[in-house]
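Per-chain residue numbering starts at 1, and chain names A, B, C, D and E are given in the order in which the chains are listed.
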Amino acid sequence: MLDGLPGGLTFTLTPDEWRAVALSLKVSVWATLVSLPFGVAVAYVLARYEFWGKQALNGLVHLPLILPPVVTGYILLMTFGRKGFVGGLLDQYLGIVLAFRWTGAALAAAVMAFPLMVRAIRLAIEAVDPKLEQAASTLGASRAWVFATVTLPLILPGVIAGAILAFAKAMGEFGATITFVSNIPGQTQTLPSAIYSFLQVPGGDAQAARLVLIAVAIALLALLLSEWIGRAVARRIAGS
Amino acid sequence: MLDGLPGGLTFTLTPDEWRAVALSLKVSVWATLVSLPFGVAVAYVLARYEFWGKQALNGLVHLPLILPPVVTGYILLMTFGRKGFVGGLLDQYLGIVLAFRWTGAALAAAVMAFPLMVRAIRLAIEAVDPKLEQAASTLGASRAWVFATVTLPLILPGVIAGAILAFAKAMGEFGATITFVSNIPGQTQTLPSAIYSFLQVPGGDAQAARLVLIAVAIALLALLLSEWIGRAVARRIAGS
Amino acid sequence: MSLTVRFAHRFGDFSLDVAFQAPAGVTALSGRSGSGKTSVINAVAGLIRPDAGRIQLGETVLFDAERRISVPVHRRRLGYVFQEGRLFPHLSVRQNLNYGRWFAPRSPGESFDHVVGMLGIDGLLERRPGGLSGGEKQRVAIGRALLANPRLLLMDEPLAALDEERKAEILPYLERLRGETDIPILYVSHSMAEVARLATTLVLMDKGQVIRSGPAHEVLSDPENVPALGIRAAGASLQAIVAAQAEDGLTRLEASAGPLFLPHVDASLGARLSIRILAQDVILSRTRPEGLSALNILPATVMAVRLGEGPGAIIQLRAGDDLLLARITRRSALALELAPGAACFAVLKSVAVAQSEVGGAG
Amino acid sequence: MSLTVRFAHRFGDFSLDVAFQAPAGVTALSGRSGSGKTSVINAVAGLIRPDAGRIQLGETVLFDAERRISVPVHRRRLGYVFQEGRLFPHLSVRQNLNYGRWFAPRSPGESFDHVVGMLGIDGLLERRPGGLSGGEKQRVAIGRALLANPRLLLMDEPLAALDEERKAEILPYLERLRGETDIPILYVSHSMAEVARLATTLVLMDKGQVIRSGPAHEVLSDPENVPALGIRAAGASLQAIVAAQAEDGLTRLEASAGPLFLPHVDASLGARLSIRILAQDVILSRTRPEGLSALNILPATVMAVRLGEGPGAIIQLRAGDDLLLARITRRSALALELAPGAACFAVLKSVAVAQSEVGGAG
Amino acid sequence: LAGDITIFAAASMKTALDEVVTAWNAETGNTAVVSYAGSSALARQIQGGAPADLFISAAVNWMDTLQQDGLIKPETRVDLLGNSIVLVAHGAGAAPVQIAPGFDLAGMLGENRLAMALVDSVPAGVYGKAALTSLGVWDAVEPKVAQADNVRAALALVAAGEAPLGIVYATDAAAEPGVSVVGTFPAGSHPAIIYPAAVMAETGKPDAEAFLIYLSGAKARAAFEGQGFQVLKK
């Protein structure tokens, strides 16, 4: 916490703001980590298989990118809300409630970030030489093992890139989140919601700017980390 | 135009809506095409060079992803608006006005889509075997020629993926656009802004849904096209 | 175990139509560049699915187009040394070598240390393939295939990138493998020296077809095949038994036609060896020559004389129970009046029979 | 034009420290796998920037660590045949072949059709490299380098993946290139037959060092180098003049020690040739042998006897003005009482001197 | 064209204002176009030099800000419309609720949420919070409030049944079949809900003022009242 910067900006956060920062981190990390396996799976299927309905799946994955976030938010609300079809089932059989919970915010962030993640990973998979995978299978590795021991390690830089894109997107996600899970301080109020709030009133700019800086700092840190990991992985592969 | 669908939905668009569709297309196509060379250049620099300030550039590129779109919109407004620093210069010396013009909408869309484009292209560049580039240089190709004759053709699938991501994002971009260039029908009202307008009033949902379908159809068409081109390019590279 | 291959396949303009039998031991595939050798191996490995035909290993049908059987690649238990290495770039050399072992049934198999030592890659184990030299990569690829404990070994020009010394270290290992196991080895090579030394069976390919196939010593010693094999590769094999190891480093063997002295052969007394004698290393004389540095002089009878198009001639001889080939000039053939039935002496230098052409009786 | 190479460089554990001179003609780099041959070529190409040293082609300094000069790779005007092909996957074979021409100054250079025909890749021109066989790729890579109209040709095991017949087609082309142009050719090869045939200069490497270098015929005929070259590669060169082309396909040459009969040599009468005779192809006799199929019997004098560790011995002979090497068993050396000064006869088969070892006098 | 004017208007006015604009265009042959967005965004754009001729805000504070900045012609500023906030419940035909000081809103919610617009920044939310505070129930309700980024989103939460109750503008509630109005907040419980309008200082369009006058005319009044707005007398 940096108090009293020259410009009169103060970095002392209110408890609500702290909660928003913590929540945004939690939501983004979970959104990224939980969607990662699905992202890898979908990217793999899109990169390596031809099947009926492939383009439909591809379109579906990209939908959140194309739709205005509010619309995505509404669709999530209609589907995963407690009265929604899937949401109802989840609630009834698994006791999982997403609406108005941070879990719902994570879902919204994950859905919005999914196309970015899938694209990055898919590109990485398409760049893997199938000849290496063939070599692994001649050595006895089944398809799953080939994936785990050859494909996955080779696409790691792409997976990291995808994850970091998703994380950044999740940190910035606002429209779908607030539409789906609303803005409940401490529960679903993420940084972007807080920033949006400040921007709605005259004179809130300075406070908004403060939160923006925090968001940017977090995301840049993550970005740096990912660059660093990516470089280390690439160096390992290139062979000292 | 499909009139009178069963659900009572009608696909006859009002002139304003037509204009929104046309404008969205124009904005997205321009945003994609004009930013593409920059995207390729930035991706190349990030993928292949180490320099002081590289991580700053990387962060800057990702910023629009991290920030709530509204914030990006305000930053654009303050920078490229007629009263903004860059906007003022552009107006004064080049006679280019971006604020509240479709060109501004294109700028906003391009800025928002830029991180996606750069990531995709960068991943593709990182997957190119530098040994092939070396081989080209031993044959007399300067760095620029190596890029044009070896690197670029090899990353084409990635460039296409990046462009299509950017186009889809541009088609769906809303927050930054409406904030930067407002929502003036026929001038800056894109499809997502029109959808937003309908969603803000009682009973506008059906009309909004109609526009959403149009937006989705356009973006999916572009997506299909890109898949198809990407496949053709990949097949050419694989050899007969 | 024996491998039966019969299939047809097309890519683009190229059509492949082959049938051959590869018994236990080394089956060499040879033929010009582009003749389809790699494609045959790929079909056996399951990396190409032929349009028609059947591939069977022992009792196991690996592929049958009619019955729509195709055993997945990873269940075929292969050791495949690819023409282009294909090492895993993200794994260390050690991990590359061990890769196949993760999946192979635990069984004695080859000893890691032994294979690594033989290939001279001890110093590279912790490196990644990226920085290895061409030959180092190739050696790691060989090791990886050998260590996978395979039921079928596919080797596509495994020694092409290696220096003679290294080859001389690896070849005896492959011979031992051939002798000790019953796994069929498909071995692509352009080097007739390698082929002659290793191959039990030889399959000659051209333009996607098998043009000759059969036991290596028959194919190699048939004067009719000289054009297909290339004149420098023609030769025949003598069967001989190790009789004594002399103090001066020579080994005396007994062939049916008489004694042979060779540079030290690492085999126990009484061992039966097959010794390949290249046609161009044989000098003929109608009388027993005296005072030559060549130690081996075998009485022989001319069986056939085949005059080539050039200045050379191939003479097939019988020496004891064995057949020999000699390549001499047509002028000498005429001067010495070599005709079927003529008695003569075959002179061979001890040192011309290099280590690489003495093999256990295949 | 001459290439001067002197530099030191380290990667990881491996350190390279070489100095040699490559005059116009072919400079063969030979040595065990991992000895640093590719690294040397890469440094000359500019793909590795050595830690120290200087590389100069004719008057042009390509690299000078002290003066901080390093000509960019693309200005070095190279034709580099990489050990691993490196064809451009997105371009057709024709486009690959023409790639270097886009950048080379317009000059007569090599004819496209001629190179393509010699390499036998006419049928592949519209294909993409993806589907080519190993040898086909290698041939396209050779063509691409030759057609770039280079001032310096770097060839890293260019023929390793090719069959003997194909090699026999490409080698004369390289010989012609060596004869007709003054561009230095750095040629990595494990095949002593290739080296002996092509090399004007020979550089032997081991563990990153140059262990021998000099004119090829000197290095090859020095008995001291036999261990380094490998016993099967040792040999020496005779200088001879084409004297007659006989009707039976033999060519008569006159060496200083007497006439030599070889299978048809494609050279005009009076041409001066260098003929490489492998040590293991020479048989010695104290008396002139009669009635042998071997046509070439040269009187010679023993200059030196070098007993190896094994059962062999290397005898250096003077035959006329030329030096010869013979590799025989130690037992024969003792039996024939070969000692310096002893007179003897060297017997060589005409056919043992294969086409590939007759070259224009380098 | 001199007759073409650009109106920046709060998004919630779209239905009614579109009607008025259509009528105006037909009557005058001029073209008026409306850019709808949130009041804050529009105000900031005007600060950034937007080519607006007329601004109709849903919040008084933003108009005040513009006035301080000298961006509007103060003499043209009018309080154009009024609105009220209501309590809505999910589904049609819900039982009315007596909204009075201390009414048991928290009890009615139980474990569920009360949907509102952002209570500190979006006007409808600010008014709602003020009303609940003056009625003395805010402290009990506050932990149960789900704040949406605008009234429409809050309404959607109630319509979808995700929140049983919500506080929205009367104008929005009237047109949504998925909810029923169960009570109206007394006008005194919150600051007056006013939509101020003004002509921009920098406009060169006389038609802007004409249009502003037209907005108070009979046709406009009918359109606004049709949507449930109160048209305020000058």
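One rule holds in what follows: a residue touches a chain if its C-beta (ideal position, glycine included) is under 8 Å from a C-beta of that chain, and two chains touch if they have at least 3 such contacts.
What you see is a predicted model, and the numbers here were worked out from it, not measured in a lab.
**Q** Going by the contact rule set out at the top, which chains touch both subunit C and subunit E?
**A** The common neighbours are A.
**Q** What's the overlap between the neighbours of subunit D and those of subunit E?
**A** The common neighbours are B.
**Q** How many angstrom lie between the CA centroids of subunit B and subunit C, rounded to a whole number?
**A** The mean C-alpha positions of subunit B and subunit C differ by 61 Å.
**Q** With centres defined as the mean C-alpha position, give me the subunit B-subunit D separation in Å.
**A** Spacing between the chain centres: roughly 58 Å.
**Q** Approximately how many whole Å separate the CA-defined centres of subunit C and subunit D?
**A** 26
**Q** List, in ascending order, every residue of subunit C touching at least 2 other chains.
**A** 11-12, 84, 127, 131-132
**Q** Mind pulling the residue numbers of subunit A that touch at least two other chains?
**A** Residues 70, 174-175, 196, 199, 240 of subunit A touch two or more partner chains.
**Q** Show me, using the given definition of touch, all chain pairs that touch one another.
**A** Touch list across chains, by label: A-B, A-C, A-E, B-D, B-E, C-D.
**Q** Help me check something: in the complex, which residues belonging to subunit B touch subunit D?
**A** Its residues touching subunit D are 131-132, 134-143, 145-146, 149-150, 153-154, 236-240.
**Q** Can you name the residues of subunit C that touch subunit A in the complex?
**A** Within the complex, subunit C touches subunit A at residues 45-47, 72-80, 82, 84, 86, 88-91, 99-100, 102-104, 127-132, 144-145, 148, 154.
**Q** Where on subunit B is subunit A touching in the complex?
**A** My answer: residues 55, 58-59, 62-63, 65-71, 74, 115-116, 119-120, 122-124, 126-127, 157-158, 161, 165, 168-169, 171-172, 174-175, 192, 195-196, 199, 208, 212, 215-216, 219-220, 223-224, 227, 234.
**Q** For subunit B, which residues are in contact with subunit E within the complex?
**A** 70, 73-74, 77-78, 81-84, 99-100, 178-179, 182-189, 193, 196-204
**Q** Over in the complex, which subunit C residues touch subunit D? Could you list them?
**A** 11-13, 30-34, 37-39, 83-84, 123, 127, 131-136, 138-139, 156-157, 160-166, 190, 192, 230-233, 246, 248-250, 261, 263-264, 280-281, 283-287, 289-295, 310-312, 326-333, 336, 347, 349-352, 354
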